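Two complexes are shown next, each including chain A; its partner changes from chain B in the first to chain C in the second.
Right, the complex of A and B next:
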């Protein structure tokens, strides 16, 4: 997918040879890039410039502490309170709340909609993220009407905070090869002795880990946070998993 | 004023449920502290304490003032705490929250009212001139257990501090610069430290030490013991929360003593290391004019 990796700084002119050209598709700019008409493309953050010639798109990968919602992100939101038509949710502390309509759940009608208490965690998709507007969330695919794994999070488990870059790497389709994160596979595989758990990774830097056994939740949560904090590679992650499984008995 | 961010229901439930199995989120034992680290600044009287992700900076200063009219023989000793918006957006400048008020009250009770600093030694001329020693506590990062960390920082800063030497000859007060006379340490009587317990469950059945911010938000009650390494209790503060069995509190007190001894050892060790680092090899070595090269 990504072919070239170049570090850019905010405001720096981008080398025209890096900008992908495609005969059919229009050029698509992702996070961290801004188009200044007529033809300037300027980075707004410091990070790695990544281009995808096949899709004719380019964006900047960066690791920050502040989550800025963008459309189609999967997030772990926390219900703040309910109003007449929607729930107000927090995506990150001390930021403007996101709205989640009461009817944006699978098979929800006025009578069957889920009643969520303040503080409840919800796995949702960002359906609308415009500048200067509160983001909107949904827990249902608008086309098919299916939940696709989204919805209120129930069952025993705990949420852990990780950095935004790490959450993004966890969410990659091939996180081991491209993101260099194999810690979840290792925990469920032979290094971790086949722990049974489920996760919900939010792009807003929160990961929910669920399991019947609290010990498993603690092991998985610590493994994720340590991997993120120390920036471990695959070999380091393997050692960490073995150590944690031995430590928490 | 922005409200404090509350943990989610899922987290709250999990923390209490895991604690029933004696399991903490960071894998510590119930009576285990996070790694405590103490460093001193370049100047005398600056101490920085890190306890896991909690970080507290204390700075001691002294200036000449007039003593209070009702206590003409005592110097002035004040502790001021500051929780700035840098710590968390819910803290505001000049608008103390309950956390901040309780923190400064506890520090006052522990360090000032236990007589750790001999304030009479701060008086220079009765009723006319005295030293006013002030400790500013800045919380740089808040991840729970501010009290214990701040107390270590205050005690370490005061013990590390050197005030300018002064003398009185024929009624004339002379304060010497550091070049004229070596600054002198404060007259320090004993070192009290705080140990905070957090209680969980209906009857406070689970007691744990050094709670993180998440655990603090979930806990049912807390109790702070202040004592010195000889086991002399300076104060016990249990501000509301669930009632706790008296025998359990006694047990907490005895465990607190071992923790206080560990903290006290650490502070002594770091102070000795710092003294060694600053020591250039005695008075004669400092007076030598020859070049190192």
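Right, the complex of A and C next:
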């Protein structure tokens, strides 16, 4: 994966030797970098410069508390109110509301659209993120018309706030091996005594934990938040899970 | 008499804010919180750029005209640094709370209305920059600022309240990390020659090149470290390095 690690500050020149070159692929700039034509590449945030020579891409890793929507992110949104054609949802506090069209649900027509009350949580994908417009969400795959696990969240549960970086790790396909986060697997496995729960992780730093038993929701939510806050490794997560299960029971 | 302490900073002091920093230097301690980009009120909304809102709160009492003046100065310089075109119709809110200021041994201040002056400006500026970095707000460059007081052909860097009182003129200068002049505010009587000298002195403090063997020795020969003040740019860099390392645990 990534090879080099350099801390950069906004506006600092990047050493040309760090910029990857590739005979075929064009150079791709990720978050935190700005191209000033003709040839300057300048960081805009303080963070770690990561380059990937194989894909000819570079970006800056940094941690911020404010979620800025980008296309195809999976987010946990909360319905604020409904208008004639769409729901207005909140992704993070005090930001402009995102729009979720009434017809952007699986098998929704004008007659059979889901009726969502203010406060309802929705697991959705960001379908449009443009700096001049409010973000748009959808709960249906535009190609297949299937929900693919998106949609209104039903059943007993609770949403917890975590940091954006931790939410991203939870969303990794192999979060235990690559991300170092095995806390959910442990809670459902032998360390947690096989707790039964389901989760929906939003890239906007919110995790919904659902279970029939309120105890399980509390254990899972606290385990996630403490792992995030203390930055625990796999061994620390195992100890935490064992402790929480013992304490709450 | 001079209150020259090494600068200190703590990040993330306010857990609910998007970014925060507590910075203390030259006897002043300022706490800053940054929230943004958030939704702007209709009257502050610009169609093509973000509105930067700076609020300065004094150590005691409520802010008055002096604070509004400082806010206006800071607002215009910070808008130059922040990439406001990236967030149209948004608001970036910076709140600066003065927590403590150095005492003046000559005047019995009861601290009913904390007096504000230019000596506070560099600390406010530096705290705002650090909090913006902590919030991850995209910026064109970083900046470093310093205050210089001139009294009877003696120049004092980071002056104490007494120095400001006795000084003929007080100047605040800030430079971006590309060595460009960002802010120059002066009060009092001074000549063009004096201002040029102050400009050179401030540039030396704010834009010190990254330390490597040769330049370090030159610096030591030129002037004593006390007269030059702390290396602000190096300070900014080293503190951000440790912060980034801590932040990226869950990258």
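Keep this in mind: the second predicted complex is superposed on the first by the 249 of 249 C-alpha atoms of A that agree within 3 Å, B and C clash if a C-alpha of one lies under 4 Å from a C-alpha of the other, contacts with A are read in each partner's own complex, and residues count from 1 in each chain.
As a convention for this text, a contact is a pair of C-beta atoms (placed from the backbone, for glycine too) under 8 Å apart; a residue touches a chain by one contact, two chains touch by 3 or more.
The shown structure was predicted, so the numbers you read here are calculated from the model rather than taken from an experiment.
In this overlay on chain A, chain B fits alongside chain C without clashing. With both structures placed on the common chain, the touch criterion links A:129 to neither chain B nor chain C.
When the two structures are aligned on the shared chain, A:29 is found in touch with neither chain B nor chain C.
Look at A:46: by the touch rule set out above, it reaches chain C but stays clear of chain B. Look at A:94: by the touch rule set out above, it reaches both chain B and chain C. By the touch criterion defined above, A:215 lies against chain B but remains apart from chain C after alignment on the C-alpha atoms of chain A.
By the touch criterion defined above, A:9 reaches chain C but does not reach chain B. Put chain B and chain C next to each other and count what each touches on chain A; the higher total goes to C. Per the superposed model, the minimal spacing between any CA atom of chain B and any CA atom of chain C is 7 Å.
Shared contact residues of chain A with chain B and chain C: 93-94.
Note for the complex: chain B touches chain A at residues 2, 5-15, 17-18, 21, 23-27, 89-90. Those residues of chain A that touch chain B in the complex are listed here as 78, 90, 93-94, 117-121, 153, 156-159, 208, 214-215, 217-218, 221-222, 244, 247-248.
Note for the complex: chain C touches chain A at residues 17-19, 35-39, 83, 86-90, 133, 135-142, 176-178, 236-237, 240-241, 243-245, 247-251. By the touch rule above, chain A contacts chain C in their complex via residues 7, 9-12, 32, 34, 42, 44-48, 61-66, 68, 93-96, 131-132, 163, 165-166, 168-169, 228, 231.
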